[in-house]
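Next come two complexes built around chain A: one with chain B, the other with chain C.
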Partner chain A sequence: MSSTVSAIQRSALGFVLVLVIFGTLPLVVSSYQMSIANEILIFALLAMSIDVLAGYAGRTSLGHGALFGISTYVVIYWTSVYGGSAWVGCLLGVVVATLVAAIFAAFAVRVSGVYFLLLTLALGMIVWGVCLRWTSITGGENGIRGVGRPDLIASPTAFYYATLAVVLLMTFLIWRFVRSPFGLTLRGIRDSESRMRSLGYGTSAHMFVAFTVTGFFAGVAGALYALFNNFVSPSTVQLSQSVEGLLMAIIGGIGTLFGSFIGAAAIIMLENFVSAYTARWQMVLGVMFIVTMIFAPQGILGTLRMLLIRKR
Partner chain B sequence: MASLNLVQILNGLTLAALLFIVASGFTLIFGLLRIVNLAHGALYLFGGYIGYSVTLGTGNFVLGLVASMLFVAFLGLIIDQGLLRFVRGFVLREVLLTLGVAFVLNDIALVIWGGDTFSVQIPAMLRGAVRFAGIYYPTYRLFVLGLGILVFIALWLLLNRTRLGALIRAGVDDAEMVEAMGINIRRVFLATSMLGASLAGLGGTIGGAFLTLYPTADSEILVFSLAIVIIGGSGSLVGAAVGALLVGMLNTIGQVMFPELAYFVIFGPMAAILAFRPLGLFGRA
Partner chain C sequence: MSDASALVLENIVVAFGALKAVDNVSIAVRSGERHAIIGPNGAGKTTLFNAITGVTPPTAGRVVFQGQDITRRSVQGRARMGISRTFQITNLFPSLTVDENMQLAVRGNGDGKFSMFGAAELNAGQAERASAALSISRLDTRGAVIVSELSYGEQRQLEMAMALVAQPKLLLLDEPAAGLSPAERIIVAEIIRSLSHDLTMVLIEHDMELVLNLVERVTCLNNGQMLAEGTPNEIRSNQLVQDVYLGKAR
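Let's look at the complex of A and B:
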């Protein structure tokens, strides 16, 4: 059981590192840098939701950016068009994202491998298409502007710590989720679905629950993003959102959870850096994807880990 | 709620013809090379822009068609030989790599042609409308319909009546076995991937003349192509045709009945097919 203990210790170390690094950041950085750190936290949560499916269930989703964006849309629509409270809006956003995830999941459990990727891609893009065309509700390409955050978390620092608290709580829940017997079953499905099925596990039911649960986490990230960004447009649900989330998970190392924080930090800092000099972020993102796929499909953490193992 | 009339049915059929041209290339590559080329939409858009520029520069539509097909086939060659060869055999890495290629191509197109909407110039011969059965219908759209049928016949003949076609079909079933018989399957793969890409380029120019070209057109075409392949099954020409007809008609019906949610309508058949035949109507494991 020593490996289990060390795995728990490693995860505890991850928690402490995230808490210390992100907890002390506001004391030492400018308000602009703090907003970047805030964005990193939100996207790390999105990346983790993708990582649960990719790393533990062996299913690469390109639809979670859309689930994320649906939640953002619901929160902004509820607060600015309908005039409701932001708290209720966040709750609604997460609920709607989870329900849509359940619908996606009902189809997605039928397929695996590359078909899973195609299906989630198509479903996500349908969401994008609807957001783009359904102008009477979504405002089309112009998007919808929010009404700002509630007073309690109106200041950037307060919102930053609120985000940190929520993301840490969600990280803990995800960690519990993947380490539970349920999570172990998912890993079994990843390694051999047919064997798990013959052992009597309901693989479809497991995949359905896993997909829906990750949709919930993507929804939480989307609701936080609504409060953070205060604006939503079809670009929030577009494919590049899913692609960025997936790239973050991959760069951080698939199946590492805490790697998502590293991946999110790398991508978002790079995006801000590149955007300061050129408008060609999409091209940089594409090139990064190509380079990662050719040279480091295990991600930064994964590649480091492999190098370490090789040295031993 | 308006009911369908002949014009709308024809609109659906012509859209289906275009979608078939694009999706047939997609499904061929998917079926034979097992590569889901997510850059297919970007190739469509790139082909469309090339066709637009060449047609504008030379005043010759046919030249635009040929140029877009050749150029996009060349792009397909570069993607296959320059990038995909490094990740051969890793399905997921291949797919995600083509996704990266799509982002790069789209951004290059944005740099070269900007964000404006363009429309490929239609040759004088195909302008105007034809009168039949009491309606006026644009000649160009009928041309697209004819071309779609022509491409179907040509591809069918290629696949079923030529040596290359026999090799492709054999490759879809069992690539290793074909190789074991002393045939260089890599060359067949390359030919298929260039053929598939050139069909995307052809579609771009054809579609660019009536659907117009703009920076997100590639995503819309890619969703349609994905839906068609999911419905029809990978590697099946007939599947692509049936899928294109379904998606084209449903999209048109959707636009007539609920204009803002037309996109949503293709969701239905996809869901139904997945529920009963996860590999698509004509797909084989």
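Let's look at the complex of A and C:
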């Protein structure tokens, strides 16, 4: 029981830290830095959606960037081409991303391991291809420009706090989700799918639900990104989006949830810093990934946690 | 085949390419019976379990459980009907605690497993069943331990606890004592002996002496085929069994 209590205490500490650090940032940083923090929050949510599958169900997805981007496309298309309200647009974006996630899931539940990776990669590539070629709707390579945010969240500070509120709420939901009986079934599937079946679990149904739910969270992140970025193009749904989300989860610590905030902060801050000096950002990212894998394969938070447990 | 049969296997064949791992096996297990399947390594015992549980559906033949043909039913569907098994090669959730393993086992053929925002803890009835199964399996004090840190013997006991907690109608034990020390084997035998006699049980065991005191009927397999079937005494004195099985083992 004591391990459960300390797990809850650890999570509570995670919530408090995110709230305090991100909540006070706008008071001390420049508006440029605040926009970076805003982006970190959005991508932390994407990374967490990937972490639920990778860290709990043992399935590494390279398709969640596409789900994220689909939501972004829907929001921008709805507001700027169709002229609808941004609130409805966000709702639609999340719904469409969730539905597409369900389609992805129908294929992806049949496989695991490297086949899961490749299948989700292929599904993501299809989305990217459609966004690139379906020019009449998506504007092709030119993308679509948004119409700005609704008045209520028009100012950068208001939008920042709105993002923080949404991301904290989603983090709480994800946290409850992975600690629920259903979350436990995902960890069971990761450890032994054959045992799960012989205990009476329809593991495909569980994976289907899990994938779809994580698609919902990626969709929420994508909708926030539409409001943040006010522009969408095929690069929003491309593979590197998924890869970055995954790397954030890995660098922060797979299966730690809150590690996603650390991973997102590390990658996005480094990206902004490095881009000022060189165009070889992807290479730096690759090196960073390799260094993490060698020196802290459990990720930053995972390694910290291990050190703390060892000290006791 | 009488109504009292819990499990009826009719002419089961399981072929892997040209190899018939199970070759025309027919067994009827009465309700409440304890039935052993013995035979040398590679005889097809585990493969027969896989045919009964749906892991490897039979190439030919029928599996009938409580009067229903379940030959083509899914693994999880059969589990929910009350067929529960242990694995010869330990098949647990190694990164989870003993309690979490039991939570998964308890919810497997009940409800609550799709609960997404509920508490992870079991309800009172489930918790009682889990702790009862753990204490039968002598793991009462080990609930908080991560399974990969259990001794091998304890892992074998957890195999049993997880199969028992599902309150099965048919329990399939695949060499529950495999790889255990003599002292640990006695524990496993005692656990099996303490189980309710309402439970229908099929027990695979390599060691004939261990098994013959535990069951009412025995089927001996060899090269996938049925060599003999009878009471433990009949099997002990059967010349074919002695030649093929005991002769080899001694």
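Basically, the second predicted complex is superposed on the first by the 295 of 312 C-alpha atoms of A that agree within 3 Å, B and C clash if a C-alpha of one lies under 4 Å from a C-alpha of the other, contacts with A are read in each partner's own complex, and residues count from 1 in each chain.
Everything below uses one rule, namely that a contact is a pair of C-beta atoms (placed from the backbone, for glycine too) under 8 Å apart; a residue touches a chain by one contact, two chains touch by 3 or more.
Predicted model only: the values in this text are computed from it and were never measured.
Asker: May I ask you to decide whether A:G202 touches chain B, chain C, both, or neither, giving the answer as first, second, both or neither?
Answerer: second
Asker: Contacts for A:L184 in the overlay, against chain B (first) and chain C (second): which applies, first, second, both or neither?
Answerer: second
Asker: May I ask you to decide whether A:F107 touches chain B, chain C, both, or neither, giving the answer as first, second, both or neither?
Answerer: Touch partner of A:F107: chain B, not chain C.
Asker: As a test of reading the superposition: which chain, chain B or chain C, is in touch with more residues of chain A?
Answerer: After superposition, B is the partner touching more of chain A.
Asker: Using the superposition on chain A described above, determine whether A:R176 touches chain B (first), chain C (second), both, or neither.
Answerer: A:R176: touches chain C, not chain B.
Asker: Where does A:Y115 make contact in the superposed view: on chain B (first), on chain C (second), on both, or on neither?
Answerer: first
Asker: Considering only touches as defined above, state whether A:M269 meets chain B (first), chain C (second), both or neither.
Answerer: Neither chain B nor chain C is touched by A:M269.
Asker: Which residues form the common part of the chain A surface touched by chain B and by chain C?
Answerer: Common to the two interfaces on chain A: nothing.
Asker: Enumerate the contact residues on chain C facing chain A in the complex.
Answerer: 53, 55, 74-76, 79-80, 84-85, 87, 91-97, 100, 103-105, 107-109, 112-120, 144, 162, 166
Asker: Could you list, by residue number, the parts of chain A that touch chain B in their complex?
Answerer: Counting only chain A, the residues touching chain B are 60, 62, 107, 110-111, 113-115, 117-119, 121-123, 125-126, 128-130, 132-136, 238-240, 243, 246, 250, 280, 282-283, 285-290, 293-294, 297.
Asker: Across the complex, what residues on chain A touch chain C?
Answerer: 1-3, 173, 176-177, 179-185, 187-188, 190-192, 194-203, 206, 209, 213
Asker: For chain B, which residues are in contact with chain A within the complex?
Answerer: Answer in residue numbers: 34, 36, 38, 83, 86-87, 90-93, 95-97, 99-108, 110-111, 216, 219-220, 222-223, 226-227, 229-230, 259-264, 266-267, 270-271, 274-275, 278.
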